[in-house]
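Chain nomenclature is as follows: A, B, C and D, assigned in order of appearance, with residue numbering initiated at 1 for each chain independently.
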Amino acid sequence: MSVPTWKWFIEYTTETQAHMHGISKYIYSGQTRFQTVEIVETEFFGRCLILDGKIQSAEKDEYIYHETLIHPAMVLHPNPERVMIVGGGEGAVIREILKHPSIKKVIMVDIDKEVVVLCDKYLPEWNGGAFQDPRVNLFFMDARKYLEETQETFDVIFSDLTEPLDDGPSYLLFTREFYEIVYKKLSPEGVMALQSGSFNINLIDCHTAICNTMSRVFPYVSSYAAFIPSYDAQWGFTLASKKIDPGDLTEGKVDQILQERKINGLKYYDGETHRHLFSITKDVRVAKEKENRIIEDDNPLFTF
Amino acid sequence: MSVPTWKWFIEYTTETQAHMHGISKYIYSGQTRFQTVEIVETEFFGRCLILDGKIQSAEKDEYIYHETLIHPAMVLHPNPERVMIVGGGEGAVIREILKHPSIKKVIMVDIDKEVVVLCDKYLPEWNGGAFQDPRVNLFFMDARKYLEETQETFDVIFSDLTEPLDDGPSYLLFTREFYEIVYKKLSPEGVMALQSGSFNINLIDCHTAICNTMSRVFPYVSSYAAFIPSYDAQWGFTLASKKIDPGDLTEGKVDQILQERKINGLKYYDGETHRHLFSITKDVRVAKEKENRIIEDDNPLFTF
Amino acid sequence: MSVPTWKWFIEYTTETQAHMHGISKYIYSGQTRFQTVEIVETEFFGRCLILDGKIQSAEKDEYIYHETLIHPAMVLHPNPERVMIVGGGEGAVIREILKHPSIKKVIMVDIDKEVVVLCDKYLPEWNGGAFQDPRVNLFFMDARKYLEETQETFDVIFSDLTEPLDDGPSYLLFTREFYEIVYKKLSPEGVMALQSGSFNINLIDCHTAICNTMSRVFPYVSSYAAFIPSYDAQWGFTLASKKIDPGDLTEGKVDQILQERKINGLKYYDGETHRHLFSITKDVRVAKEKENRIIEDDNPLFTF
Amino acid sequence: MSVPTWKWFIEYTTETQAHMHGISKYIYSGQTRFQTVEIVETEFFGRCLILDGKIQSAEKDEYIYHETLIHPAMVLHPNPERVMIVGGGEGAVIREILKHPSIKKVIMVDIDKEVVVLCDKYLPEWNGGAFQDPRVNLFFMDARKYLEETQETFDVIFSDLTEPLDDGPSYLLFTREFYEIVYKKLSPEGVMALQSGSFNINLIDCHTAICNTMSRVFPYVSSYAAFIPSYDAQWGFTLASKKIDPGDLTEGKVDQILQERKINGLKYYDGETHRHLFSITKDVRVAKEKENRIIEDDNPLFTF
């Protein structure tokens, strides 16, 4: 009789819903100034980064999350040269951004240096050497403050943040005021993309509130979503644009742009995947239409 | 300090992956001739039917599963009059089928009468009175035997089965030989649809094997998939067709047919949802291309 | 590969300590006016009664709990004729009491009639027909009120209650005021025994507070404890006496009394077991000496 | 709404019984040549050493386990000068042994040097500097081989081993043949003590088999047991003696010997504790009487 797995990470999505991940090895466990960090080896998903009790990315499927966050926005912009990342800990977002040959400069601003250092040490494949690329600059500070003070503008700004927990570091980066700052720092054809909460229809209010808030700031705001196995959920993203209509990005056009840019090695994203990601099921569309919440600094959003 | 939830249903997808559902009330627990049955009230998803330790459907999102299984096939067929269901326990599939006005006869063949009776008693909204519709006939027997012996043919045949567990009742309904029987009993424009395993890229071999097997029997075989929150997974379905190409079913055509048939009340399925369901991400397409397994009676498929 | 157990009852003793019991069958689940009730079949301990999320007794080891609660007090009293039980739901306490041949009358006062009826239906071996014994009287009302109003006195009074949860029915039956009422209703050689919380040294404050409180009312108060496997804990009991010193009850005397009373069939209790139960380890004795809390109606005790 | 604890160690005692320990911090996780090792900080019990998925000792209650294992044997022997430990990883057994002033030499033979080094690094209070005591010698090798080859004899031999798992390092140290080797290496008044399995009446066969096996080798064999909260169980020990009858060790005599040896600081063990430990409840005595298994090298004992 074999002994069952005895080390578990249990991720609660609500007080009565949770996912259990059997752990084969604890790699690192600590507390930074901003959040708790665990790096564990799970039997099923390989190495995982866990911040404040939530899986951020897993070896076996981080390609889904990171390709989904990065490429739709990068493909939408005709010539992305200057890109900024709000958050971005593991560095995998930079790895994906640098696949686009027009890139001249990438600035990543993450408040938690310790997490970035730990990821570089224990999850080096995530950034794939991107931190050493001469076009990349890392700043460890509050990204909102950075954006307010910088004189630069960006073609694409990504927000790759943990969920807005009430004692976590990110909740002021999900408000109307923050999106207004982003808007100002985008170049005229600028685009923003971000992860924006679960697509589980019973937990969708976080996503719909973010989309509704952004639609007060940007003329074009599109929801999209990918199933991330290690999240046990279809996860929502938002693409916002100042001038270019994301609705014009057809399946064929996506494939054509990827080909022109000689981006061949993607595992998840291409034209048909784009069509899947941006086709929204009826129940979610209905939920979005009903949403009228605007997230603001003095009325922030918190998730469980 | 509040006491945490103490009644849990833990659904294992592998030995080291599981989902925990907090239970507010146990409704029914028993063992039929074929499988164990629990009906529980969960805090998050409402009432759930659990067979052999796997959630089959949940009050809060059974509409996703059942609309996804039924409507693509029904819309693809120009005039579905005679429909058969292999399995179908809860009766929600009939509820959806009867929304199509052309229906003249529905035959449901489920091996486990006890489950059907329990569902009708404890989950009556699932069938919504469909069992009493005069066009509906229930048979409690082995569906394969029924199909082999019947003289009838059907416009659409649905397979709504539990997963093929090695000691469960359904594994001989997932083989090439079975699909050949189905093929023979379909009318010339006949269509088949079935649930066909997880779309989790690390567990996709069940789905790809079913599709590959069916492609030896049917000229047209399409994968599609929906995220089912209570399964904590994107779930795969397969649509097979004798003559009509599912690829011709565009978003606009789906909406037009639903309108013509005066089917307005769906919560999940419409043209855009159809586009989402049938657009397959690149990683899954690659996995499908690599698949060469053919499931046969003497080489059956078993899942965990 | 066998599928792991999927139905679990998880009993939390603190927010970060819990015991998992695999369930083979849900028998009953409901909510009375006073508490939630589950009756389940566990793989390991057989049938279990669970009130407000806490196992009360289990088929495989209820003999330990019930013999431990009943026989020390019954043996201590030279001629127990009239006995009262505060609580007592399952009826197993009466089953044990009736083994003493001097018994003329047993009064059990439990506030929750539904629990008693459910136990009699689903756990009939627990009472073993005792509810039908002509010497037994059941009252369904607040036991404190009953004691205050009755004109009777008793030789032994047992308290067989659930733990004092803040929204549970029993917390006013663990106070100095209540023990004073008990004292008055005991005959001159009267004895009281009760379950009184975990003996886990890290959770012992419940037990020590009860003992300290009772020592303000009774001249003789002794702690004793038994390991109850289904509680995953050594569990505390308290024996209080008006006149007879429990310290005089030696191992030999216990065996002699049991023999005189022709009580041969006990599975757990005899002279040597008595010596084990009443020998207290040094760490617990130290904790008891430090305790100065007195539980009172306006300063009641609540456990997790 | 607070987020529940998300890091758990789940210790299975059977396939359907388990204990959950919430973890505040992972300290160390690794695999030695012989076993897996985790050192974790639990919320409730402080630091814990876990070998092959089983808690070996916990900061908050290791004193119970170690005082119980060591002092009865040490007190029984009139003048223990030379002591050997089979196993003993954490070194806490030496800490307790050295409290007896007659000690001249302690030899500890543990097969797993890595565990000893890890314990010294992460759990230094366990050995309390004992590894540096000049009377102490550590050997890292198979203890059975050591005993077979040594020319020395010992007054007391302790066995402080993990449970005999079928792929673990200890099962050949629980057989008749091994106890015969121990017998030969004991001085004429020699004594042996060991941990010997759960006292849970439903899992007692491990303990009773060990006692029965030892009684074929030693003239005096006594069971005793202590409740160890972090084991969630009353745990069995065995005391075997060549010449001195453990039954003569009364409560008063224990206190007298401890006083003579000026051992004042024990937290758990004294005369009354001794009486508690060595008084065995009736159900266990009955189980012991029925036991006739003899554990031998070619018929070894394995636990779950």
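In this text, contacts are C-beta pairs under 8 Å (C-beta built on N, C-alpha and C of every residue); 3 or more make two chains touch, one makes a residue touch a chain.
Quantities reported herein were computed from a predicted structural model and do not represent experimental measurements.
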{"item": "Separation of subunit C from subunit A in steps, with touching chains one step apart", "value": "2"}
{"item": "Most distant chain from subunit D by Cα centroid", "value": "B"}
{"item": "Chain centre separation in whole Å, for subunit D relative to subunit B (CA means)", "value": "56"}
{"item": "Distance between chain centroids, defined by C-alpha means - subunit A, subunit D (Å)", "value": "51"}
{"item": "Subunit C-subunit D separation of Cα centroids, rounded to whole Å", "value": "33"}
{"item": "Of all residues in subunit D, the ones touching two or more other chains", "value": "4-5, 10, 15, 18"}
{"item": "Those chain pairs that satisfy the touch definition", "value": "A-B, A-D, B-C, C-D"}
{"item": "Of subunit A, residues touching subunit D in the complex", "value": "1, 3-12, 15, 18, 25-30, 38, 40, 50, 52-53, 165, 304"}
{"item": "Residues on subunit B engaged by subunit A in the complex (per definition of touch)", "value": "4-5, 10, 14-22, 42-45, 60-61, 63-64, 199-202, 226-227, 229, 232-234, 266-270, 272-273, 275-276, 279-283, 285-286"}
